[in-house]
Structure formats: C-alpha cells, structure tokens
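To keep things clear, I will list the structure first and then write my remarks on it.
Per-chain residue numbering starts at 1, and chain names A, B, C, D, E and F are given in the order in which the chains are listed.
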Amino acid sequence: MLLHLSTWQEVEAYLKRSPAVIIPIGSTEQHGPTGLIGTDFICAEAIARAVGEKADALVTSTLTLGMAEHHTGFAGTISLKPSTLTLVIHDVVRSLAKHGFKRFFFLNGHGGNIAVLKNAFTEIANELPDTSFRLGNWWASNEIYKLVKELYGNQEGYHATPSEIAVTMYLYPDSIKNAPLSQSVNKDSRIYSPEEFRQRYPDGRMGSNPALAKVEHGKQLFELAVKELVSQYNDFLAEA
Amino acid sequence: MLLHLSTWQEVEAYLKRSPAVIIPIGSTEQHGPTGLIGTDFICAEAIARAVGEKADALVTSTLTLGMAEHHTGFAGTISLKPSTLTLVIHDVVRSLAKHGFKRFFFLNGHGGNIAVLKNAFTEIANELPDTSFRLGNWWASNEIYKLVKELYGNQEGYHATPSEIAVTMYLYPDSIKNAPLSQSVNKDSRIYSPEEFRQRYPDGRMGSNPALAKVEHGKQLFELAVKELVSQYNDFLAEA
Amino acid sequence: MLLHLSTWQEVEAYLKRSPAVIIPIGSTEQHGPTGLIGTDFICAEAIARAVGEKADALVTSTLTLGMAEHHTGFAGTISLKPSTLTLVIHDVVRSLAKHGFKRFFFLNGHGGNIAVLKNAFTEIANELPDTSFRLGNWWASNEIYKLVKELYGNQEGYHATPSEIAVTMYLYPDSIKNAPLSQSVNKDSRIYSPEEFRQRYPDGRMGSNPALAKVEHGKQLFELAVKELVSQYNDFLAEA
Amino acid sequence: MLLHLSTWQEVEAYLKRSPAVIIPIGSTEQHGPTGLIGTDFICAEAIARAVGEKADALVTSTLTLGMAEHHTGFAGTISLKPSTLTLVIHDVVRSLAKHGFKRFFFLNGHGGNIAVLKNAFTEIANELPDTSFRLGNWWASNEIYKLVKELYGNQEGYHATPSEIAVTMYLYPDSIKNAPLSQSVNKDSRIYSPEEFRQRYPDGRMGSNPALAKVEHGKQLFELAVKELVSQYNDFLAEA
Amino acid sequence: MLLHLSTWQEVEAYLKRSPAVIIPIGSTEQHGPTGLIGTDFICAEAIARAVGEKADALVTSTLTLGMAEHHTGFAGTISLKPSTLTLVIHDVVRSLAKHGFKRFFFLNGHGGNIAVLKNAFTEIANELPDTSFRLGNWWASNEIYKLVKELYGNQEGYHATPSEIAVTMYLYPDSIKNAPLSQSVNKDSRIYSPEEFRQRYPDGRMGSNPALAKVEHGKQLFELAVKELVSQYNDFLAEA
Amino acid sequence: MLLHLSTWQEVEAYLKRSPAVIIPIGSTEQHGPTGLIGTDFICAEAIARAVGEKADALVTSTLTLGMAEHHTGFAGTISLKPSTLTLVIHDVVRSLAKHGFKRFFFLNGHGGNIAVLKNAFTEIANELPDTSFRLGNWWASNEIYKLVKELYGNQEGYHATPSEIAVTMYLYPDSIKNAPLSQSVNKDSRIYSPEEFRQRYPDGRMGSNPALAKVEHGKQLFELAVKELVSQYNDFLAEA
C-alpha cells in the first residue's frame, strides 16, 4: 500500500490493523561514470515497495535526499547536512506518530545515512517514548554479502559497486550509461572532505568495477533483498 | 533530462549549456475522501518533467514533503515545519550552486509552501549572491484560472479541488477513490491550527466538489500548465 | 490603551473584558532619497494606536525591525533575518499567551514581513492551539487601493510609494526631505539580492514617484486605513 | 540625529564623519502597581535621544523588548529569550556594519539585558573583528548612585525603583498610576523562575518604595544620566 | 562524594538525603608565559572536591571547557561559543533533574563563564521550574579579595593573576613554568576580539605579575576559598 | 604532553613539530550495580595519556560527557544530546585548528559517541577542509577482541562489561563497588528509549557479568589498548 496513492481514510483504516510503516530513504549522489545519480534511492524505493506488497505494509514516498556531503565535489550530487536530515526524519516521525503510527522501519539505500538515522532515533525516542525504530540496510545482510562475494569477489568495492549498479540496471534497463572506466581504481575506503574525496577517487568509484554488473544479477539481488527485508520487517512487528 | 537517471558526467556536460535547473516541490497531505495524499507532488512532478522535456531542462527528483502543518489532523499527512523545509531548500541550492548552477526554478504544487520558499530565497540570496530564483505555481496563471472557472465555477474551492483531482486522475486513472462526499461543505478558506482545521473541515475538503473532476479535464489542465510553465521557465532564462 | 503606558494590574483588568491585542509591526529600511527610514513602522504604529483607541483595544509597543534583507545595500537599513523575526514573533505571542491573550492582530506596515508572519503563525498555532491570528496590512484593502489609484495612478509604484510617504508627511510634517529624484525610475517589482537590488533600483525607489505625496493625502489615507482596520479587528473579535 | 526620521542618503553623509551609533535598549515588563510596563525602554529611549543630540550621534529606534523571563508571571510583560535577543542584537549589528558602522554604543535601561549583551558582543566580535562595543547602563555610574542614595537611601530597592519611576514621571507626567502599595515589601534581590518570582514579590516590586518618586527627581536623574553617558560615549569614540 | 567514582545506586541513595549537587566549571585557555592552560578548571575542580568532602555533597566531573573566545588568539586555548556552553549547561541540568536533583551549585573558576551561566539559568528555570541555581566564583568573596590585596596589591591584575597561579602551584608544584616576563604589562582590563586581544596583551597577561605567586600563598588561598564556598553551599541548601 | 599542564608557548613549540592532537572522549553514565559512572571517560583518559607519552603527542583534557540518552533512566547519568555534542566537537576542533592543528585523533571510550562523532567530522570537514580525523575506539581492535573473548567468552555482554570494569579496577583499585548482581541478565543488545531501557535492563547491565573482572585483566587490557592505539595514531600521522 503506497501512502501517496491512498486517501486519509484508507490510512485510518490501515492503522486499525497495523501501527507500522516503511520509509524508504536513499541519496542523490554521483555513482561513477556509468551509475545513476539516483542509484541509492531507486534501489531503496523499489525494494521497499516490493516489501510493502509482500508484507501488507504501508510505504511512504521516498526520502530521495540523504547525507552525501563527501560526494558534493561531483556535479549533480544533492546533500542534506547531517543536522538538516535529522530534522527531516524528526518531522516525518512526529507527523505519523500523531496519527497513531508507532513502529518506523527505515529501508535504507545509502551508508552515509546510517549515523544520522541512529542519532535521529535517539533524539526522537526521548521525545516520543512510544515509538520504536528499525534500520534495514538492503545491502547488509549475510545472504546478500554471500551473493555479492560470489558474483564480484573483491571487485565489489565500496561505492558505485557492481551490485547496486546491477539492481538499477534491472529496474531501469535503458538508463545505465556506457562510459569508459579507467583500468586502475583507488582501493581505499576512507571518507574525506569533498575536495580531497574527488582528488583521491577521481571518477567517483571507490575500489569498484561496475562493468561487471548484469541485469540478471540485479534481479537476483533485488529478489533476495526483498526476501530478507520482509523477514526483518516481520521480526520487527513481532517484537514485544 | 532527469537528474536521478543521469550520471555526474552528463550533469557536467549539461552545465556547459545551461546554468538552470527545475526543482519540483509538492506536499504529502490529505486531499479529502477521494483525493490522493500525494496529489500535490504528483502534479508538480509530472508537470515538471514535461516542462523539462520541452525546454531541454534538467529536473531534479521531487521534494515530496512540504509545509502541511494544518493538515496533520488527518492520517497520512507528513509535514515539514517551516524551519525544516527552509533548511532543506537551502541545502538543495547550496549543493547545486557548488557545481555551477545559478538559476533555480521551483515548480510548486502546494500553496502552503509559498511563504516558506520566499523566506528561503531571501536567506539564500544573501549567502550566495550569484543565485536567482523563480517560483512557478502550476495552478496560478491567468490561463489556468480561466479554464478552472469555466470547468468548475465556484465549486473549485480551496483544497482537494476538482482541478487538482482531475490532473491526478489523468496521471493515475486507477487510483482516485470512490467515497461518499457530504452534500454540504464549509466554504471558508482560512487556515487554522491542525485541531481546529479538522473540526471546521471535517472531511478535509475546503469548499470544493471533487466529484466534478474528469480525466479529460485533467489532460486539458495538465497540458495548459505545461505550456504556461515552459513559457515562465524560458522567461526566467532570458532575464538579464 | 497603550501597553507601555499601563501597569500590569491594568492589563489584568483588560484581560477580563478582552482576549485580543494589537501588535504593530513595520521595518527600518531605506525609502528612497526623500522618504524616512522609519516609514513602515511609523505608519503601522500611528494607525495601530488610532485603531486601538476607536476599538478599545490594547496596543503593544511597535516591532520596528522587520525582514528587510533586500534593502541592506542602503545605509541605515536594519534587517532581521526571517529566522530571527520568526523567533521574535514567537516570543511575543508566547509571553502574552501566558497571561491569557488568545487573539493576536498584527497591524503590518511592510510587505516583506508577510511571508515571515505566515510561517510564524503556523509554527505557533501548533504549539499553542488556543491562539488565533489575523494579519492586517494597512495598505491592502480594496478601499485603500481605490483611493491610491485615484490619487497616484501608475506612479504609486512598489516601494517608497507616494501613499506611504504621504502618511508619514501627515504624521511628521517637518521630517520629509527635499532631495532630487531622477526622472526615470525602474518599473520592475522583483526582489533581488541586496547587491543586485541596489544596482537595479539605484536610489531605492521601485517605480514610484514620491514627489506626488501631499499632507492632505496622508490624512485621507490615514483615516481610511484606521476605519478599515477597526472593521477588520472587530470582525476578528466576532469570529466563533 | 534619529535614524527613523532620516533618509539613507543622510545616513551615508553621517558615516563620513562618524563610525559610531547609539542603540537604545530596554524591556517591556511589569514595574509594580504604579510603574509603567514600558519604564525600561522609555528611560533608555529618552536618555539616548538627548545624548545623541548633545554628542551629535545617530540614534536608532529603540529595542523595546528585552530579556524579562522572570517577570512573565505578570500580565503585559513581553520577554525575548536570551537566545532570541542575542540573534536580534546580532542582526542589528550585522546590518549596520555592512554600511560601515564600527562602534556600537548600547544605551541600556534593563539589568536583565546585561549578560545577554555581553555574550552577543563576544559572538559578534568573532565574526566581525572590526566592530567594537560599549555598554552604557544609565543607572550605573558613581554619580547616579550617589544621587539615588541621597534621594531614596535604602528604599531604592532593585526593581520598580523610585529612581526609574521618577524618570518616567518626568517624561510622562500623566501616566504614572495611583495604586495602593502594601506596607511591607520583600527586601531580597534574587531572581527566580517566573512562578516563584511572583510568589516572592507578589506586587512586582523588589524592595523598593516607588511612592517616593517625584517629577523633579526625575528631571535631576535624567539630566545627570545624559551628562554621564555623553561622557562615556565620547570616551568610547576617543579610544584608539 | 565524586560522581564519576560512584555507582548509580549510590547516587540514588544520595538523593534520599540531598537534592543538591556541585558542578565545577572552568576553562581551557592561555594563562601567560608561566601559567597553565588548565588553570581555571584545575582550581575549580580542586576547590569543588574539597568543598564536597567537607559539606558531604556530590561533585560531578569538571566542565573543563568554558567560554574563552577572546583567548583563542593563543595556541592551546579551547573555547565553547556562548551558545554551545548554554546547551551543555542545559543538558547537564536536564539529565540530573530527571533523577530528582533540584539545587545546582556551579563552582566556577572563570570570569568569562558568568554571563553564559546567568543566561542558561534563566532559560532552564523557565523549562524546569523546580530547579534553583547558585553561582560560586571562588575568587569573588570579600575574604578572598582582602587576602589577595594583602599578598599582591595592584600587581594582581585581571588575567594570569598571581593568585590563580599560586593555587595551581600549590596543586601542581612541578608544573608551573619558568619563562621570562616582560617588565611592562598592559594595565587595561577590557575584553576585545581575539585578534585585538593578542595585540594589546601580547604575552597573554592582563596587568598581572604572576612571578609573585608562591606555593604557600596557594595553600592559603585554596583553604580560604574552600571555607567560603562551603559556607555559600550551606546557605544555598538552607534557603526556603 | 598534557595540554592543561602546558603553557601556550609550549603548545606553539609543539606545533612546530606536529600538527596532531589526541582528544579523549568518554561518557558519564551508569555502569551497573558495581561499575563506576565515570567508567567510559576514565578508560579513555588513562589510555590517551599513556598513548600521548609513548607517541610524544599532545593530549587535551577529557570530554567527560558523551551521548548517553538511553542511560538517563539511571541516577547520575549525564548526557549531552547528539546535537549538543556535535557543537562541542565542532568548537573544540575550530579552536585548535585556528592555532594550526590539522589532525584530530579522538580516543573514544563510549559506543554511543560513534555516530555523533562521524556526523560531526563530516560537518567540520566541509567547513575546515584542511582538517582530518581519526576515531580510535579503545575496545575495538582485533587484538583486544581476541583477548576479551579469551578472558570472558560470552559473558562479556554489551554494557558494564567485565573488560571495561577490569580497566577501571586497574586504575582505581579501591573504587569498584561490591553489590549483588542478579543471576540472570537480559542478553539483548538493542538500545531503547530511556524508560524502556531501564525496564528491559533493570540493573543497568546488558548481558554482561562484571563479577569476572580482575585487576590483572585490567592491566593486560590497558597495556594492549595503549599498544594498539599508539600504532593507530602513528598510522594516522604517516598518511599522505
């Protein structure tokens, strides 16, 4: 059930059977010479909607802007400061808690959001003690790690990875770009200031080889992620 | 050209031919018993993308959350406080200005955002004197007013209006809901605190009769809005 | 009844007969080569006090500083940022609401304050649901528009207008300055960053010819504004 | 020279001969059963204007709202939080510094503003290293202390004092109220939370006997304060 | 009783016999060529712990960072902005008030903290009306003033004073440095912007001659300060 | 070299040979019935000072307050909100960067600080692009994990762990308390709101058995942590 295609009366009806909601969150940031700027939110949104369908859960519209300060040296990246994103999370939860929502499952597509979300959960739990939170990072379950290892070995890297490119290829087969990738790529995984980040990772990739991505990998990864996150969501619901 | 389906290198190339960008902004708020919670951002997004195509302009992902505090008495409404939305606008512009964007055209689908956007523009212009702003409210041109008057007369009202419902019907023909509308509706147009708002406008409509909306009206309104906004965008570009 | 010339016991007595208060707000900003920097608050203060007398209403001291960022390119302009002015409004209402005031009538003399006031009202109504607000812009009623049209036609312009200069001439007949006005004046009404504003409107006027102002116009305008605003104030009091 | 009755061109001319400005600041707060709510800003404004005349200095409009949280238990008190007042001071200085003002003389009528002003000066000096500040509290020079001691001895007290009441009597002879004062008054001078403040100082006075105030005392005090502050202002101007 | 060496159960037991707590606060800032950067918090901490022992009071860990903006022109100074320090004070009190603490005695070692602490107390008292505050500046009692006068006369000065150097010598006899002091020292006591401060007080001293400090003076001053502050603390506890 | 026992001239001399500084940070929070409220900062401080000695590095005074909101249900816990702690980190770095420090090594004793520190580093790197950061969590190296596993197996738990208790026993042999521990302990590791945290972890421990801690373990852990962190610090210095 998609919030933006529902009426308020349908949401009121949903609240009679469930106090939980799924909030997809990603980022709008460079993903190397071939990857889409929307990669992180595209993945989170598609996975969240599939999870919502399977788990009969309400899914809000996607928070397409995340904390991507370190990528702002590349054109097209839009970043919210940690403090701004915290306020956005706060307002989203505050609005929905007013109607009776109590369990907030953030389905996340971007590593840079994790610290911000944790801080935000802490601050909100103080103010609204009835709320509880779960953070589901789609790429971060053992099953997904295993599959990624198998598909790409040590060419997965840390940013603009073949796994996330594969998922977007599956979702937007016509949008992935053909662009030359330099042979060598910096294998570091540290985050630097925007200026230094661009200098150290000149084409935006961090140790990854996105040329390995294939549509059928994307399908596999997508379906596995949905399965894992349905299970995480159901565990969250089942908690005392 | 859609930002989220582009690479950073494509954005760099775009910046060589244009310093302007279109940012669709709407709201996630109740639209009466039959209207979609996403109405405001659905309209802004679809119109913005069509304008982008016709005017060869870059269009960012949509700001789906607006200032909707007065609607928070209805389930499913998600509102950003004026101060939070101001910071979001600020971060969006700051990020893009860093890459060389100078002209920001906000294509807006929600009246409640107008005062916030105006304040944000003032604060940002102080800090980034090279930027300029234009606010395009899709429903607010003389041509649109004339058409709306013709189609709905004084049953247009102020919220959950047949015109915006018609546009969403055109875009999502299967999603508009059938729900009973009480015969009488409060004709007031004042905004109150969330509690009083719900009391005065018990089903969420403000003086409107959305039952008049038809898919073909939606098509007409959509196409006229696109035409008007292409022209506003081009005027903005042409300014000294 | 003027707050600053009253004792707290007199205010307590007033609260037994009325929960409403009038708060004059203006700006401290350049008004062209002949107009006073205090024009906006001088008008608001004088009109507010006359309304207070006729309507038996309490009038606070005047908020002399408004949102005038775009005028800060001219010496003597003092501007509060939108965010600062919002906090000031908030503190004023919070203080008075603590004593039992519930209806806040802001009598405004400056267009640049409008968006800020609207946002502030929204935020405060959320926190103090018992409060209600009305914004009375002295220059913005049909009767005043008609009179201004009649007196000045299209030479009224948008800033440092003959109508506001006339009101200050009526109030401070000796203070209006004699200074040369260039023959031509930019007829635009857009607001720009401070630097660009000064460049486009080099002597501070926006399309106006303040040389048309006369003391007797000021008297007419003042008396009409008072009449209109007494009526707006009484309507506000009468609302359910 | 009064800022609000000047044009921007007159201010530009003034800046050629002086980089200094006087900013009167007071408070809007209860002053016992007989004292005016505007006492603190009325005194600061009148003294500042007289100083301005004698010292040929520009005087801004008066900041009528100060930090008066502890008085908010009494009807009619309007207080800015310390953080809000800090931002206001900041915006005032930032605006004027942009035009070339460098020396800011705050002529203060309210003890509760002192700590806020000190903090604000510290923060602003960091940001605008060219600015310098002086705080002139009209009641706090040796000469004034001596005169007050002579006139009222230990009946001066700490709030709603006969000396400040006398100055307002001199300025508004018809406004001081007749109201019964209880014989005994709490001689404490501590500041408490608003609730406890009202309980400990039930009629608003702190150890004072305002019934001793006389118009001729007000004249004496006013003239002495003006003399002292002209001298402080000139010392400030003369500093390297 | 030292908070950091206690368990939560011991604190719960303490709260049954006392609602008061001592919070030492100092600063981390240059103290001339011979004085320690930690001087202000070293003094506050040692005195607070001795007071705690004599008065059977709980003492928290020391706030070692204070408001020292004007000293930031000298290497090693760490300063919290007034607004940051206010939030820290707020969080400390909020945390402890949650457990039942009601009386907060700040034992202060740095003049620059005074205005910030006063503002913070005001804001907190509004939010937590059950709390009360006392500020104990160890150097600021009549007895201490008398002793300092006797020991150092007019060579005490205003910063990096022989009295505070003596106390740290007594506490850390091996840490005070030998470094040449210029013969002449600026006798001014004004605070300036960091840049101007360093220019006017080139070695960091303000009118002081720390070479006069002796360990035995430190012992005398320390013991007298403890005696005075035990008495202030007990007065605070005894208040109705 | 300890900052608080140095003079500003010694710090200036240090900056000629190194641009790096170690900042110990911990927390003031309950550590079960036997553990000290200062555990986290006591460990960080002692380890940091030993690292500083071995690596010839400057060590600041310890940030004793961390983000401990979830522990505020237990008496004696003092927590800074994430937003407050972020500002403190910011001010510390801003102050030191002004003097020429460029590399900031935070030696951390508390898991709850990690997300806050990461966000703070991001925000500061944007503003001060010359700075770089390293986070050294003393308990989080492979060698330490191995030793802890060996000593305590699955009785280590997540809070008030035998390993941290052992380190404080080694440092303060007389301060660890004897108090009964209930036989069973909740093995969960989730963080909840303060109220729910106390309910789920009634004596403050999270799955740990601190009764296993021994002074000689503390010595072993301490020495290993120092060795590991000296090496991390040197790696940080050596980075290009």
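Definition applied: contacts are C-beta pairs under 8 Å (C-beta built on N, C-alpha and C of every residue); 3 or more make two chains touch, one makes a residue touch a chain.
Labels paired with UniProt names: A, B, C, D, E, F = Creatininase family protein.
Keep in mind that this is a model prediction, so the values were computed, not measured.
K.L.:
Please state, in steps, how far chain F lies from chain C along the shortest route of touching chains.
P.N.:
Between chain C and chain F, the shortest chain-hopping route counts 3.
K.L.:
Count of steps on the shortest touching-chain route from chain D to chain F?
P.N.:
2
K.L.:
Going by C-alpha centroids, which chain is farthest from chain F? Tell me that one.
P.N.:
Between chain F and every other chain, the largest centroid distance is to C.
K.L.:
So how far apart, in whole Å, are chain B and chain C when each is placed at the average of its C-alpha atoms?
P.N.:
Spacing between the chain centres: roughly 30 Å.
K.L.:
Suppose each chain is reduced to the average of its Cα coordinates; what separation in Å results between chain A and chain B?
P.N.:
Once rounded, the distance between the two centres reads 25 Å.
K.L.:
When the centre of a chain is set as the mean of its C-alpha atoms, what distance in Å lies between chain A and chain E?
P.N.:
One centre to the other, that is 48 Å.
K.L.:
Multi-chain contacts only, two chains or more: what residues does chain A have there?
P.N.:
In chain A, the residues touching two or more other chains are 81, 83.
K.L.:
Which category does the touching pattern between chains fall into here: line, ring, star, complete, or other?
P.N.:
Drawn as a graph, the chains make one closed cycle, so a ring.
K.L.:
Going by the contact rule at the top, pick out the chain C residues touching chain B in the complex.
P.N.:
67, 69-70, 81-83, 86, 114-116, 118-119, 122-123, 125-126, 129, 131-132, 191-196
K.L.:
What residues of chain E sit close enough to touch chain F in their complex?
P.N.:
Where chain E meets chain F, its residues are 3-12, 15, 28, 30-38, 41-42, 60-62, 64-65, 72, 74-81, 83-84, 87-88, 90-92, 95-96, 98-100, 172, 175, 177, 179, 204.
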